[in-house]
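All chains are identified by letter, namely A, B, C and D, in their written order; residue positions are counted from 1 within each chain.
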Amino acid sequence: MAGSAFGTIFRITTWGESHGKAIGAVVDGCPAGLPLSEEDIQPYLDRRKPGTSAVTTQRKEEDLVEILSGVFEGRTTGTPISLLIRNTSQRSGDYGNLADCYRPGHGDYTYDQKYGFRDYRGGGRSSGRETAGRVAAGAIACKILKELGIRVQAYTRSIGPVSIREDRFDPEAILTTPTAMPDRQADEEALAYLQKAREAGDSVGGCMECLVDGLPAGIGDPVFEKLDANLAKALMSIGAVKAVEVGEGMEVARRKGSENNDGFRMEEGRVVKTSNHAGGILGGISDGSRVLVRAYVKPTPSIYLPQRTVTKGGEEIELQIKGRHDPVIVPRAVVVMESMVAITLADALMVNLSSRMDSLMKFYVPDKG
Amino acid sequence: MAGSAFGTIFRITTWGESHGKAIGAVVDGCPAGLPLSEEDIQPYLDRRKPGTSAVTTQRKEEDLVEILSGVFEGRTTGTPISLLIRNTSQRSGDYGNLADCYRPGHGDYTYDQKYGFRDYRGGGRSSGRETAGRVAAGAIACKILKELGIRVQAYTRSIGPVSIREDRFDPEAILTTPTAMPDRQADEEALAYLQKAREAGDSVGGCMECLVDGLPAGIGDPVFEKLDANLAKALMSIGAVKAVEVGEGMEVARRKGSENNDGFRMEEGRVVKTSNHAGGILGGISDGSRVLVRAYVKPTPSIYLPQRTVTKGGEEIELQIKGRHDPVIVPRAVVVMESMVAITLADALMVNLSSRMDSLMKFYVPDKG
Amino acid sequence: MAGSAFGTIFRITTWGESHGKAIGAVVDGCPAGLPLSEEDIQPYLDRRKPGTSAVTTQRKEEDLVEILSGVFEGRTTGTPISLLIRNTSQRSGDYGNLADCYRPGHGDYTYDQKYGFRDYRGGGRSSGRETAGRVAAGAIACKILKELGIRVQAYTRSIGPVSIREDRFDPEAILTTPTAMPDRQADEEALAYLQKAREAGDSVGGCMECLVDGLPAGIGDPVFEKLDANLAKALMSIGAVKAVEVGEGMEVARRKGSENNDGFRMEEGRVVKTSNHAGGILGGISDGSRVLVRAYVKPTPSIYLPQRTVTKGGEEIELQIKGRHDPVIVPRAVVVMESMVAITLADALMVNLSSRMDSLMKFYVPDKG
Amino acid sequence: MAGSAFGTIFRITTWGESHGKAIGAVVDGCPAGLPLSEEDIQPYLDRRKPGTSAVTTQRKEEDLVEILSGVFEGRTTGTPISLLIRNTSQRSGDYGNLADCYRPGHGDYTYDQKYGFRDYRGGGRSSGRETAGRVAAGAIACKILKELGIRVQAYTRSIGPVSIREDRFDPEAILTTPTAMPDRQADEEALAYLQKAREAGDSVGGCMECLVDGLPAGIGDPVFEKLDANLAKALMSIGAVKAVEVGEGMEVARRKGSENNDGFRMEEGRVVKTSNHAGGILGGISDGSRVLVRAYVKPTPSIYLPQRTVTKGGEEIELQIKGRHDPVIVPRAVVVMESMVAITLADALMVNLSSRMDSLMKFYVPDKG
């Protein structure tokens, strides 16, 4: 199916395999008049670039984005924006021995079952590299949100057993620590933990969190297009994510209603909530308070320890994966989460424009409205 | 927006408010030739009917479904199936005092922010009654799956602190215990816990789980239309759900790769997994093992204890909710979960038909294929 | 497939067969706050009601619409509007002899080929009765347009060889002549022509035209969602329509560019065109002048003359159709055309709201914009 | 809006402006296992290349296509196919004087009204160059259809007053005559006619026709997704098309039912029609006979004769267009028509796979079916 697109009005389509010629995205439905250049996008791609620290693969990926269409004289024209990132650092030779074997925790077997065969080089379309297209598109969504006064910020909440602590929260650490944690002490502990896992030939999981500030109340739809439903889809569509929470998430299942309900009160003439257990969404629609979502990520399935598996031909083998792999997915996935949240919100904001008859009137017959 | 529809090829549209004339659903894209009558649907609706036990509201809702179209001589014709359920037991008088006030934990405030006003009777479209349309449509999806040998079963996993235990798992209890728990002892403990909450004028949360057996490998799509992404959206679109897990869900964030990966081995000539931490989905595509998903549900927001809130006019008040409300949402929501999972799978199975050129050939040029 | 819905943001889903229990439509995405009651819709349904004159079937269809949801205290709530029309006058006995036979010009054979069998009573879903759902939904679209100062008017342009004349154009005749022609003399001539065809047991074709005044410039999208492309789909989706024109349509294929181009000039400070060969659409986007579209309708396929055809079992037979049938489709289809044009425009107007960044700014950060 | 995509299951997204860096398309939903390389696509692009004859512009456009993704070891993988065509021959200087002026017959004014400004170089997104993406995608659709035994062939039916004649129909002439007419004598007459128009600084319109052979009966959907409705949208979405016909199109509006109905008879055990006035589609679904559609194309709006128009600033001017322009659009648009028809059919064929329960059974539980 045409399953590579996301969004209704602000709609992105990503394409490309890990070891093909290039990867990219088409952003259709971006409003006209947004100032945009490669410089707005590149920093987002750089955030998912593997580095030299213990947490990321040693592969060198220079993900340079090129805008091929949809921008004229520095502003978007309202027509589709095509984003191209050439693949440069792929060594397909690394993967030849994986052509016939089903790696545990990967999509090798399921792709073969669905399509009959697959591009086995580096995971093909199921590779984490696919997310580069999402991030390039997400940078545009982030820019739109910024113009509207909406700030989206994702970061690492935990790696293995190491979690950030509220009282050490330091937003500036997000872009500077190797783990993307907003807590320098947790970062150090997580790095130590990762180092041990790496030495053991193993990998670890973690949790990432995203905050949205400045989102007006009233965004989202009842029933199937609930804002949280679309956020859940957006996040669960990121490879390796196995659970999604909104607000205090699974915790609320053990609560009493009297503990969990957020009361309302007035503050400077505005309605505000007395708490925010709900994570900023009520009945599928934003309530004007901070939106908070979390995604739980499994350990990198590519590990160096030997594993039992089978070949395409049905032979049971012991597999030893070589090559270069991140011992944890989370730090590089944080910007992917931020992108998917921003894309979901940008679309919801556009879709919402027609929710009231008086808005339509004001737009089309301003004198009468 | 047109946010009341779900699915691509098998697509349902629900409509109706809690206290309007009727509620219902249109099922578009059901294949022709499925034997279908009201008797196939009614038992599903009966499962969400409030009973007389401690766990459900004392309201009497006789949800009788009527098939208005799309079935001829006992079989579906391939054209849209319109399902109608008249509202019979609504006492709007109960809600008059809520017209101007924003109930904590409900969508009252957000609906007003989005639409400018709302149908305040019983929550209008944000009412749990909206799910009757989903269940009626879900019964049809379940019937399709059954014909294909696929079984979907949801149940209550926990209520407040009371969880079912694996070693007491009794599938027959699901449809007979008031809590919809597959564990009679947990059911009793949960009922006692609920009774206390009810006496205190409070409500409790819980968790529900759904198992899918018999789903072939290869269903779902890479990237945005991952099977788990669509399941996450489906479940998070159920009011009161705040977290969704696939397989072992958030647990995996604390695991090592060597613990979490499911190995492959051969069994009677078929590829099987040595464990199923993944919950039956790899790379967004089913792997032929059991699919397991969970949804965490907040406590019923309507409680009898007094709460602080504000009116539409901006006055701070103490609210005392009257009327009849379930002290826990989960038992009646279990069949809604089952319906949403079934609808998601039915659609994914249809979408998947065109994934290979040789399937197209076999369908259209059978002699050549 | 889920092929019974139309529109992106303003989206209608129709359902129901000619001889089922009821027919109807769900309108999803209607903005909140539109005053609406059955009285707004019924006059549109009455326009497609068969009458007693020579041009329409003698069947009595009392198409009474009931609004089941989406309206509260006389205004739309922004949630789906369910519209129900009970079938009352169906005499299925008339069609028993058609169960096994493929009527020329009808969809009997193609439905059987697609679905394996069909509801043969009165054409089932391929019946003209399906359009009652479109008209009920179209009445809501028309009301939205009216609030925005946009007028949509369809009428009969020709029946067989009889065409209306520009110099006799009388808009008031549209709703009062049996032919829905805006020309009383043409109406009389057409009636005489129809009477002869009816006496001969035959039927005739015709052309209908729709004018849109007051549509602002800038509505529609480039490339695939061109306003004229969506209008073409909308009109060709009406059963029996075999050709669609925009503006001067196929005439322009014989023209020179110098004859066909519409120049621009200034009028009271506004850009206007010096002519309107284009029918109000340039590059897929409205240009602020009158939109004009035409649809050509084939003769009613049900005729009383004997016809050669085959049965489902493969037997060649001579078919003699009985029952009650319009000798021409056009007069009753005019309101269907008007409905489809209005639905297409309402959707395009909503979709257009996000075309510019400065509109988004004005909506969400009015102080800054 | 996201208006640059077409199709439901087989879905293409085009992007790119006339004078940007590149143009292209993403084809999402192509089944896995189709042999594909640039050599399959290039001949289609070459057919829309301007030549050296009198009928086409003197611009040199080397449209070389590059496949960037979705193909591995010579076969499609089922993942999106990204197609890139670099723009090489653009001389933006030609268009500088058009930046502020609204060319008659072009989308300049309407784009400005919608988006606030536009990429004025060569028409930007409204340029005929946009169709290169459609043709590259269409080549893939054509290849799928060919594998299924379905042949699609478009050609020029008329240019100005010169029409092809049935008795001189020569299919080999389509790809060899400069006019793409399947009639060498008409080709010569049309060339003479074009030469005169060109000398007069003028342009001419024409009509193109497309035949589909081998399409099985049963393809298409009732109601809004009728096969002819989608073909009408597909064709009307091609810039400059102003009318669309199916079968004998507008002619039928003057016919009697007894003249227009196609009877059925048996031939070698199969149901066939005794005539094909309907153009192969009944009730929106293919009937197994030849599908015939026509599109009427306006004269090239860019002419050398002086025209009255206005500037963006509201000044009335006389415009003299320079540069290189085709005196007629049709011959180069023929392959665009063929592409759009093929894309529409490929999608309809995939969507149709789930129309019957027994097909689902055969696919998923072959032993039981």
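Please note the rule applied: a residue touches a chain if its C-beta (ideal position, glycine included) is under 8 Å from a C-beta of that chain, and two chains touch if they have at least 3 such contacts.
Keep in mind it's a predicted model, so treat the numbers as computed, not measured.
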Interface with more contacting C-beta pairs, comparing B-C to C-D: C-D
Taking each chain's C-alpha mean as its centre, the one farthest from chain C: A
Whole-Å separation of chain centres (CA-atom averages), chain A against chain C: 44
Computed distance of Cα centres, chain C from chain B, in Å: 37
Length of the line joining the C-alpha centres of chain C and chain D, rounded to whole Å: 26
Sequence positions of chain A contacting 2 or more other chains: 1, 3-5, 8-10, 14, 29, 32-33, 78-79, 114-116, 125, 216, 222, 351, 354-356, 358
Residue numbers on chain A that touch chain C, as the complex places them: 8-10, 29, 31-34, 76, 78-79, 144, 147-149, 216, 222, 349-351, 353-361, 363-365, 368
Sites on chain B touched by chain C in the complex: 1-5, 7-11, 13-17, 20-24, 26, 28-29, 32-33, 66-70, 72, 75, 77-82, 84, 114-119, 124-125
Residue ranges of chain D in contact with chain C within the complex: 1, 3-6, 8, 14, 102, 104-107, 109-111, 113-116, 125-126, 130, 158, 160-161, 197, 202-207, 216-226, 228-237, 239, 242-250, 252-266, 269, 271, 274, 278-279, 281-288, 296-303, 305, 307-310, 314-316, 351-352, 354-356, 358
